[in-house]
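So, here come the structures, one by one.
Next, two complexes with chain A in common: one pairs it with chain B, the other with chain C.
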Partner chain A sequence: MPNAIFVLPDGQRESVEVANGTHLMRAAVNHGIHAIVGDCGGSAACATCHVYVQEPWLQRLPAPSATEDQLLEATASPRQPNSRLSCQIQMSDALDGIIIDVAPTQW
Partner chain B sequence: MADIAPAPLTASSKPRAPRPANVPSQRVVEFDMFDPPGLQEGLHSAWKRLQDPSLPDLVWTPYNGGHWIATRGKLIKQMFLDHEHFSSECPFLPREAGEQYSFIPTSMDPPQQRPFRRVLNEGIGPKVVDRVKDAIEQLSRTLIADIRNQGRCDFTREYAEIFPIHIFLMIVDLPVKDAARLKYIGDQMTRPDGSMSMAEAIRAFFDYLSPFIDERMRTPGEDAISIIVHSEVNGRPLSKDEALNVCGLVLLAGLDTVVNFLSFSLHYLATHPVERQMLVDDPELIPAATEELLRRFGLVSDARLIKQAIHVDGVLLQAGDMVALPTLLFGLDEREHGCPMHVDFNRADKSHITFGHGVHHCAGAHLARLEVQTTLREWLRQIPDFEIPAGAEIGYQSGIVGAMTRLPLVWATPAAILS
Partner chain C sequence: MVSDRHLLIIGNGCGGTELAFAARASGWAGPITLIGDEPHEPYHRPPLSKAYLVGAAELSSLGLRGTAAYATAQITLLARHRAVAIHRSSKQVELADGRRLPYDHLVLALGGRPRPLPFMARQAENPPRNLHYLRTHDDARAIRDNLHLGRRLVVIGGGYIGLEVAAAAVKSGMQVAVLEAGQQLLGRVAAAPVAAFYGYLHRSAGVDIRTSVQVQGFEFTPDGAIHAVVCADGTRLPADVVVAGIGLLPNSELASEAGLSVDDGIIVDERLATSDPGIMAIGDCARGFSTLYQRSVRIESVPNALEQARKAAALLCDKPPRPDTAPWFWSDQYSVSLKAVGLSQGYDRLVIRGEPQERDFSAFYLKGKRILAVDTVNRAQEFQLCKAAVLQRLEADPEALADETLPLKSIFAMASHTHAVSPPENGS
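This part shows the complex of A and B:
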């Protein structure tokens, strides 16, 4: 199973095995990573699963939808060029090893 | 605090619907969501009775036209996410009120709902919050400074019903003098006293909003109504009717949510001096405390209409059935949180669905959080020590949005301390 590495706001790293097709928000919440909130359950409605995706994985992601782009305008931690909502990132073999910095605050 | 011992559910005096064939008798509970048994001891303890270990996760009540109630966090979330079976077409109980409910996008399902949700985000989403942040702090500080020298107040009337409503009216740029009238109409939708039907209340909102919408279609300002009425859906401008229904929702949401939540929060702090002192000593803890209070004191119970028959929890829900999805029960569920009735600001997992779950997650959540955090910070800075006077009665109401109708508080004034 591909792996995702979540770098928490306190610098701790959590390596999580994520099945292909599973969204990273869901994987993080199921793994007990509370720094990712996921209030709306993955419906792209709340912007509380904000992460910064490192290269080279960032360029392998599809561009954000209009809805995700709008929500990223409104995150609690500042938007960076590599900001994404983790509920919109679906795991795949191409993303194996992906390193994601979790935004310091979600609300 | 120990978990509250459940007491038997008792009958309301309201009419009872006959039990349909698909409802097994052991699923029936006597629970009127607008007047639940035990309400006068507390809103949350009254609802918590639905999580008695003897009850199934999905129950049916004969009150308010007869409807299902999902009582456990997992099931409530599952239904919120499955909009194909659980539709927002009729999002309020009782059904006759929900059928008259036409607000947008809360009465829509995806994909129709999506473009309207973007309109709502533009109007009252987080970007707007940054614009009003200073005003929020200023108003909170001033209101509390005025109250402080009195040494006592009814927090509900003198702060909770003023602060968020004024902020909100500022965001939509409507006259503050209309607050009381608008609040009365909004309350008839969420906790009706029988003086107005849902259709009449919605009509009253539209009659009020219509001239403002016309004016802002002609001469837009920077306010949320102007932003909404000038937005586009699916490449075309919003119609007048759609604009009324989006603005109507915004108005209702702004008048009746943070208002109620603030009273529950201050009631908790007035009765828990140790936890209160933690926040006085370390205001940095306030955002985490706000989340924990949101978990413990959820307020909203909206509903869904079953669109296609589905088996859930061992029973068959028929197309046309209604189900109440009480968001306030998620945080109280011991299967989601250990010692759920106990407030612990340092709890690692404070997850809640107080702002809803799924595509209709509250678009004003950022604003609400800022209003609550600001209130806690300012109140505790100016009035760090306060309590409920001995013998004072707290008033509770239940409904689509639960409420505290009265919260008397007393404290020593600076003058009294000096003498």
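This part shows the complex of A and C:
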């Protein structure tokens, strides 16, 4: 199973096995990573699962949808060029080892 | 000294569950018990009328927390348990199985239940097998199991849940009709142009939308299933499945039987305390005073439940709660993402910014110049700006709001300037 590495706001690293097709927000919540909130349950409605995706994985992701792009304009932590909503990132073998920094505040 | 206080929460929907975790995260050291009457771990409800109905989500992907999180946070989760009485003098909650759980602090996160169809009230406990309401996972499962290509669905009620079910059923290839008793869809929450937009959207997708239709009753097959919906004007609509979504009744009986103040919801003060200071209420079941709107409100939304849960947790742990935010919610239908902020009741002017035909617009509900509420359609970015504008009671120029050549940000910057130099309205 591919792995995702969540770098928490305090610098701690959590390595999580994520099944193909599972979204990273869901994997984080299931794994008890509370720094990812996911208030809306993954509907791209709330922007509380904000993460910063490191290269080279960022460029392997499909571009954000218009909705995700707009939501990213209004995250609690500032948007950066590598900002994404983790509820919109679906795990795949191409993303094995992905390193994502969890935004310090979500709401 | 405080470490062994027992926090008991009745209701494990999103508000009750958030409260349990937020209290623990805020330093609550005593036992925390979370009681819910459903046979599942706490889960997200909004996808039940959206992704879940079309098979794009499963119960296993809807959990509010991972299974292990409850043990890790030392939260005792009692699923399948129904609270039947609150004994305030002895500070105990009685469960259906006769057990009594003592508490030091009690929080009621009881939610609500679907309003039954009036003409079916007598059979509310034993409805026909193809009549569904949508509140729980099991309700959604039953509906999903019946969404099949070519079958006929009649939705009674043109509110957001009814419309979301209609959109999901259309995707499943069903013939869908929506019957609304009022003159327009979304009658309690949206202005006519927004309702008209949704009517257009659903009709374009093939939904038979009928407003001002009073449903009078059903015709049944010999074995007791509905086979047609009968309207007051004599119209008969053949149906294989019927979903009713005509509102929510707050679950306040437990509170009223315990002598707490109840009036279409459990009455709470600004600190979320009921008329018993040791008992709080949050979420769909709680009615409190809105300082933003200067009136009593009861709000049925996930953001409201989460916000109140986080506020209650802070107060229980003697921490300062974050300032209140403006109420908001969302609805997804087809590829249209609605995000709405504020309460529009009492508006006297509506300004449309953008193009409804392009599925890309915002609707501003104004009272005078004050922005009471905004519905944004596929405009998440404007939505975030509007959240702040509604909270700050901004007064904006209606002509400017309608002018797409002016960025909303600069309109609001002007508006706050105007607001700051003029004396506050009504002295509030």
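Here is the rule we use: the second predicted complex is superposed on the first by the 107 of 107 C-alpha atoms of A that agree within 3 Å, B and C clash if a C-alpha of one lies under 4 Å from a C-alpha of the other, contacts with A are read in each partner's own complex, and residues count from 1 in each chain.
Following the convention adopted for this analysis, a residue touches a chain if its C-beta (ideal position, glycine included) is under 8 Å from a C-beta of that chain, and two chains touch if they have at least 3 such contacts.
What you see is a predicted model, and the numbers here were worked out from it, not measured in a lab.
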{"item": "First, second, both or neither for A:Leu71, with chain B first and chain C second", "value": "both"}
{"item": "Chain B versus chain C as contact partner of A:Met1, first or second or both or neither", "value": "neither"}
{"item": "Which of chain B and chain C A:Ala94 touches, first, second, both or neither", "value": "neither"}
{"item": "Partner chain in contact with A:His31 - chain B first, chain C second, else both or neither", "value": "second"}
{"item": "Touching both chain B and chain C, residues of chain A", "value": "29, 32, 34, 39-43, 45-46, 66-67, 70-71, 73-74"}
{"item": "Chain A-touching residues of chain C, taken from the complex the two chains share", "value": "21, 25, 44, 46-47, 50-51, 57, 61-69, 72, 302-303, 306, 330, 332, 337, 339, 378-381, 383-385"}
{"item": "Footprint of chain C on chain A - complex, ascending", "value": "22, 26, 29-32, 34, 39-46, 66-67, 70-71, 73-74"}
{"item": "Residues of chain B defined as touching chain A within the complex", "value": "77, 80-81, 114, 117-118, 121-122, 125-127, 287, 291, 348-351, 353, 355-363, 365-366, 369"}
{"item": "Chain B contact footprint on chain A (complex, rising order)", "value": "29, 32, 34, 37, 39-43, 45-47, 66-67, 70-71, 73-76, 105, 107"}
